[in-house]
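Letters A, B, C and D name the chains as they come in the text, with residue numbers starting at 1 for each one.
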Amino acid sequence: MSLRWTSLAACAALMIGLALPAFAADQLYIPLFSYRTGPFAGSGIPIADGMHDYLTMLNERDGGIGGVRLAIEECETGYDTKKGIECYEAVKGKNPVVVNPWSTGITLALIPKAAVDKVPILSMAYGLSASALGNTFPWIFNPPDTYWDGLSVLVKQIAATEGGFDKLKGKTIGFIYLDAPYGKEPIPLLQQLAAKYGFNVKLYPVAGAEMQNQSSQWLNVRRDRPNYMIMWGWGAMQPTAVKEAVKTGYPMAHFYSVWWPGEDDVRGAGPGAKGFRNLNWHGVGANFPALADIRKFVVDKGMSKVPKDKFGEELYDRGVYNSVLITEAIRVAQKLTKTKVVTGADVRRGLENLDLSAARWKEIGLPDFANSLALSCADHNGHGNLFVQEWDGAKWVKVSGDLSPMNDVVEPLLAAAASEYVGKNSGWPKRTEACDHTS
Amino acid sequence: MTEAAGHVAAGETLLAGERISLRFGGVTALNDVSFDIRRGEIRAIIGPNGAGKTSMLNVINGFYHPQRGAIRFHGENLARMNPGFAARSGIARTFQNVALFRGMTTLDNLMAGRALKMKRGLFWQLLRHGPALDEEIAHRRVVEDIIDFLEIEAIRRVPVGRLPYGLQKRVELGRALAMEPELLLLDEPMTGMNLEEKEDMCRFILEVNSQFGTTIALIEHDMGVVMDLSSRVVVLDYGRKIADDVPDAVKQDPAVIAAYLGVAG
Amino acid sequence: MFYREVGQYRTSYRADMAIFPILQDRIGLLVILAVAFVGLPLVGGSFFLDVVATPFLIYALAAIGLNLLTGYTGLLSLGTGGFMGIGAYACYKLTTWFPGVDIVVWILAGGFAAAAVGALFGLPSLRIKGFYLLVATLAAQFFLQWAFERIPWLYNNNVSGTIEVPTRTLLGLPITGATATPVTRYEVALCIVVVLTWLASNLVHGRIGRSWMAVRDMDIAAELIGIRLLPTKLLSFAISSYLCGVAGAMLVFLWYGSAEPSVFSIDLSFTILFMVIIGGLGSLLGAFLGAALIHVLPIVLRGVPPALGIDIASSTVEHLNLMIVGVLIILFLVAEPFGLARLWQTGKQKLRVWPFPY
Amino acid sequence: MHFLYLVFIDPFVQMGMAPDLLAQTLWEGLVSGVLYALIALGFVLIYKASGVFNFAQGIMVVFAALTLVGLYAAGVPALLALALTVAVMFVLAVAIERLVLRPLVNRPDIILFMATFGLTYVLVGMGELVFGGDTKQMIAKQLYLPSGAIDLAMLGGRVTLQKLDIAAAIIASVMVAALAVVFQYTRIGRALRAVADSHRAALSVGISLNQIWVIVWFAAGIVALATGIMWGARSEVSFALEVVALKALPVLILGGFTSIPGAIVGGLIVGLSEKLFELYWGPLMGGGTEAWFAYVVALIVLLFRPHGLFGEVIIERI
């Protein structure tokens, strides 16, 4: 018997939950998919804090955007696709202006739904690389760079340090990655480049369950003696990898990573981690007017979960960057539609006409925080310039100039991937969304 | 009694064990034991504890494999027989400490006893209509007859785990009967029973023997019971056969008396 | 009072052997089916259907599958996730080879691949028992998950490394892919689950079910009444895995819409095992009750604070959620070790004698 | 043919070519083996004395480590934090005995097994609620755990031994020895063995099951704490550790659920074999074999020894 009641109660509660007016109509509903739980929480928490705090700051300082308050709601996914889908189903009814899945798995699950539900998906520098092509994926945005861009930049950098691409011949590049779709994505490009420049590739997969148990991978590294290591890791895999690298005595200056490791991931390895390098495209630290405002209006008022000492760290700032993209898209949308309370469809247009010039960055109190970024109907990514930063034992130091991705190799890959995706997903909708040419 | 005696005359050998020796490591459970069971008789196996009675049954239905000796059933050699084969060739048995399917109802336990006889394959089983259901019903009839015969109608749908010991013994007998065995091995069918229950059980055994003509080999401690029921008695002691004769003769046998009274014979 | 079987005489074995001999039960079942097929789609929103109803059905099916193995045959398994995965990947391959054929056919066909693999990994069960078998099945789980990652052929060499569900239509109506409405996917899932449940219940009420339970309760005795252990156990593994495989295919095609290998992780196996234990070993009803509790409860808990207008961080809710579920599991085990199904039985018994306690 | 070469010849050639790497591999395998063994030890203790297959052992490792780090972060001096953590583990043991084991006494194993699942959920939730889900640094230095490494130039190369790993090995062996002594010579030990043999027997000679259970779960908690410190110091303290703990299961299979030496030997076998396999045969199948290799080994062993290498065989009588 008892269960029948439980389930009745369940239905009832759910009905209520749905019946309730999601949020007052004069607000912009921005759901934030975050994961402060689960094995990847280590990376998820600072990002969530950054996203949340910047938006809150706008509410506190400017009363939202264009006078419209932002209704911010976090939904806990635990980096788990199932929960992510639940979150999406839960928020989509409250007409969100944009959804940030913050998990490649969740993004992939949402991509088909987005076009149907008219909800723009912003997967910032993760998700499906091919979704950079706006004409195939009008509802998906993954600025400022795809993983393929990132990899090409890393190879470029390595070539530069070697003194030219011709020097790559005969060299060996080791690729240690999380054994999941996310980690495997760059491999085709890496092999293509290997063929082109004549270097060898060694692959070191790390199973999700073995993230903190990598000694054998690094024994392999020690055996193969790759000249360079590139890491595509996440969560607890990254600190473990750095520690193991230090243990194996791998030259840190030759250990590169995609843009996900944060300070916490290298700090643990102690002084040995000095020289570890990863990619980035935005400033690190709290020395920006906007972050000062966040501190003033949010952190000091105790409206933030961020620990004082973690404020302004890399992943936190990346969360801020993510929120800037959202809010700027909303502003553009407001301009385009001449309405204050914009919908998801409007924000999709906003994103397509996003133009973050250096001047604009300055205006919003983040001068030189990041390179300018301009999206268009065709280009939902921007393929912006990246730079390499090095861990000096206490903080990240920029050690390279701006490096542009190898668009000549990346673009065909994207095109191929997109057409493959469409081909395999029979009945993929043609783009019907109009395209305005304000930018 | 007389009836039982009648069987002795009638029966030709159904099963014979020839010079069987069974050892577990150093322990000798059976030592060069020969015996025979004749069609239609009630054969009793008696002896003090640890005399190797149960071992003998286990050898007969292939649960143990004797190191030496042979078992002939229907004249064919079953020295290496296994429990499954024994079941298929018509040997059923009950156990000293009941081995029922405790989670299942009386009915299901008996129906399970029909497993060998049910032939319908997976397809019909999935549909549970047509042939499968007809077969189910046919066998249900047989089982219901057994239920009536054993007077356990009331506990048809009770999970046997919840039944009192005496009834469990009865159900186990039912399950054995459901196999319509040619040879029925009963391991202490009356232990832990009160008088009435024992009387019932005796009645059942006799009726099974007379009505269905089932050959029965039983182990029992209650001498009275043994003497009344059985047509012939094997007496084991320390794994050796010390006597094998009609009850009255066995009763007088000094070796047996010695074995039972513990007097060095 | 109302729930009485008094005066309902069964005059034939056929009637007596019906799975629902009591009139009220039959009526109840019809009502439930009516509500499930007609009522819920009408009242339930897309959230309810997509997040609660359809997943519930899929989990229930998987739970039935595992219950046949663990509850009826007494073989513990933690390979469920892997077997579900096999079903999903098989279905995916089949539908890419023969896009023309109706997807439901392939969902059902995908199960056979799972059955084969399941039977293979079931072979050790003849010798290995209890927790040892449990750990042995972990080998299946981890190996399969690894294979899903490592064999690009399984996901058609997709760059994304995942299987993405294409749009497939039945009589012009899209039933998979993004354009398929929640209602359609729910109804399809419901049909599959109802049919398979019916078949499963036929099975466990017949000869095969009895031999499974015999093996569970005392395998030696079962052997001595002529039940062959290996075939029985393997059949159990195969059929159990079949149901899990179908559930897996449904999980991807009717629910997730795309899946990376980690979807079929050990966690999935655990979830299903929970449902079976909490629901009640050896009871098909239990599978449904267990699935309902384990799947629906967290969603409800998650929905409660907003519904009450309480504002706490979603992560905090998640933590509390875990703790509450954990505590509930323990409480249930303490209160009713035989699971919700037994609770249900006792409830019915009470109802039968109501209003008189004795 | 070439394939056969790769499988049966090449790996050994490689071993011969770089003996120092082989030595290093063996060492790494040894160390992770020790850590597996420690987790398995927790399982065995509890299984022996309470017949419970304690799935929560994995999370207990994380929980212990988290408590330690969390207390330190809260300003408690390291050693005091350590002491407090031990106290917490004791409280935990008592709580488990009162709230989980006692009400479930004499229930089927599977039920107790599931109960430990519930326990896992509770501990995960509590841990994340109290200490937050982010990865944390193990306070290795503050606990006077050595850092750095010893480089041995040998076998025409170098073999690096992390001081920490050496410490781990030593601590592990000390704990095992201590437990062995306790089991062998103390009154509690005899009681434990009595309980392990038969609950009823133990009761009949007047041993309080409840006490025993608390003691055993406490001991398991201490083992968990040690494991947590070691593993946390090697990588990080995060909830992902819980998954690593699953590795203890094949270890248990190899060693048998009831044998302490078995747990140790099993741990070493798993640690060594999976490292060797991953390093020399893994590349043939794209690596990442560690995810399943241990389980397959366990499965194969079971096929020949259904009760593990050291587990006592139950003879079925009828």
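Worth a mention:
Please note the rule applied: a contact is a pair of C-beta atoms (placed from the backbone, for glycine too) under 8 Å apart; a residue touches a chain by one contact, two chains touch by 3 or more.
Treat the numbers as computed from the prediction; the structure is a model and nothing was measured.
Where touching is counted per the definition, the chains common to chain A and chain D are C. For the interfaces A-C and C-D, the C-beta contact count is higher for A-C. When each chain is reduced to the average of its Cα atoms, B sits farthest from chain A. Spacing of chain A relative to chain C, judged by their CA centroids, is 36 angstrom. Chain C and chain D have CA centres that are 33 Å apart.
Chain centres here are Cα averages; for chain A and chain B they lie 74 Å apart. Centres computed as Cα averages put chain B at a distance of 50 Å from chain D. Counting partner chains per residue, chain C has residues 142, 146, 149, 220-221, 266, 315, 318-319 touching two or more of them. Shared interface positions of chain D, i.e. residues touching 2 or more other chains, are given as 128, 133, 246, 286, 288, 291, 318.
Multi-chain contact residues of chain A, defined as those touching 2 or more other chains: 36-37, 179, 205, 207-209. By the touch criterion stated above, chain D contacts chain A in their complex at residues 14, 18, 21, 24-25, 28, 31-32, 128, 132-135, 137, 147, 149, 160, 162, 231, 234-236, 238-241, 243-244, 246-247, 274-275, 278-279, 282-283, 286-288, 290-291. For chain B in complex with chain C, the residues that touch the partner chain are 61, 63, 83-84, 86-88, 92-93, 95, 99-104, 108, 111-116, 118, 120, 122, 125-128, 132-133, 136-137, 140-141, 144, 175, 179.
Within the complex formed with chain C, the residues of chain D that make contact are 53, 99-100, 103-104, 107-111, 113-115, 117-126, 128-129, 133, 246, 249-250, 252-253, 257, 285-286, 288-289, 291-292, 295-296, 298-299, 302-303, 306-308, 316, 318. Listed in rising order, the residues of chain C touching chain B in the complex are 13-14, 17, 199, 202-203, 205-208, 210-211, 213-214, 216-218, 220-228, 235, 282. The touching residues of chain C, counted against chain D in their complex, run 76, 124, 127-132, 135-136, 138-139, 141-143, 145-146, 149-150, 220-221, 266, 270, 273-274, 277-278, 281, 315-316, 318-330, 333-334, 337.
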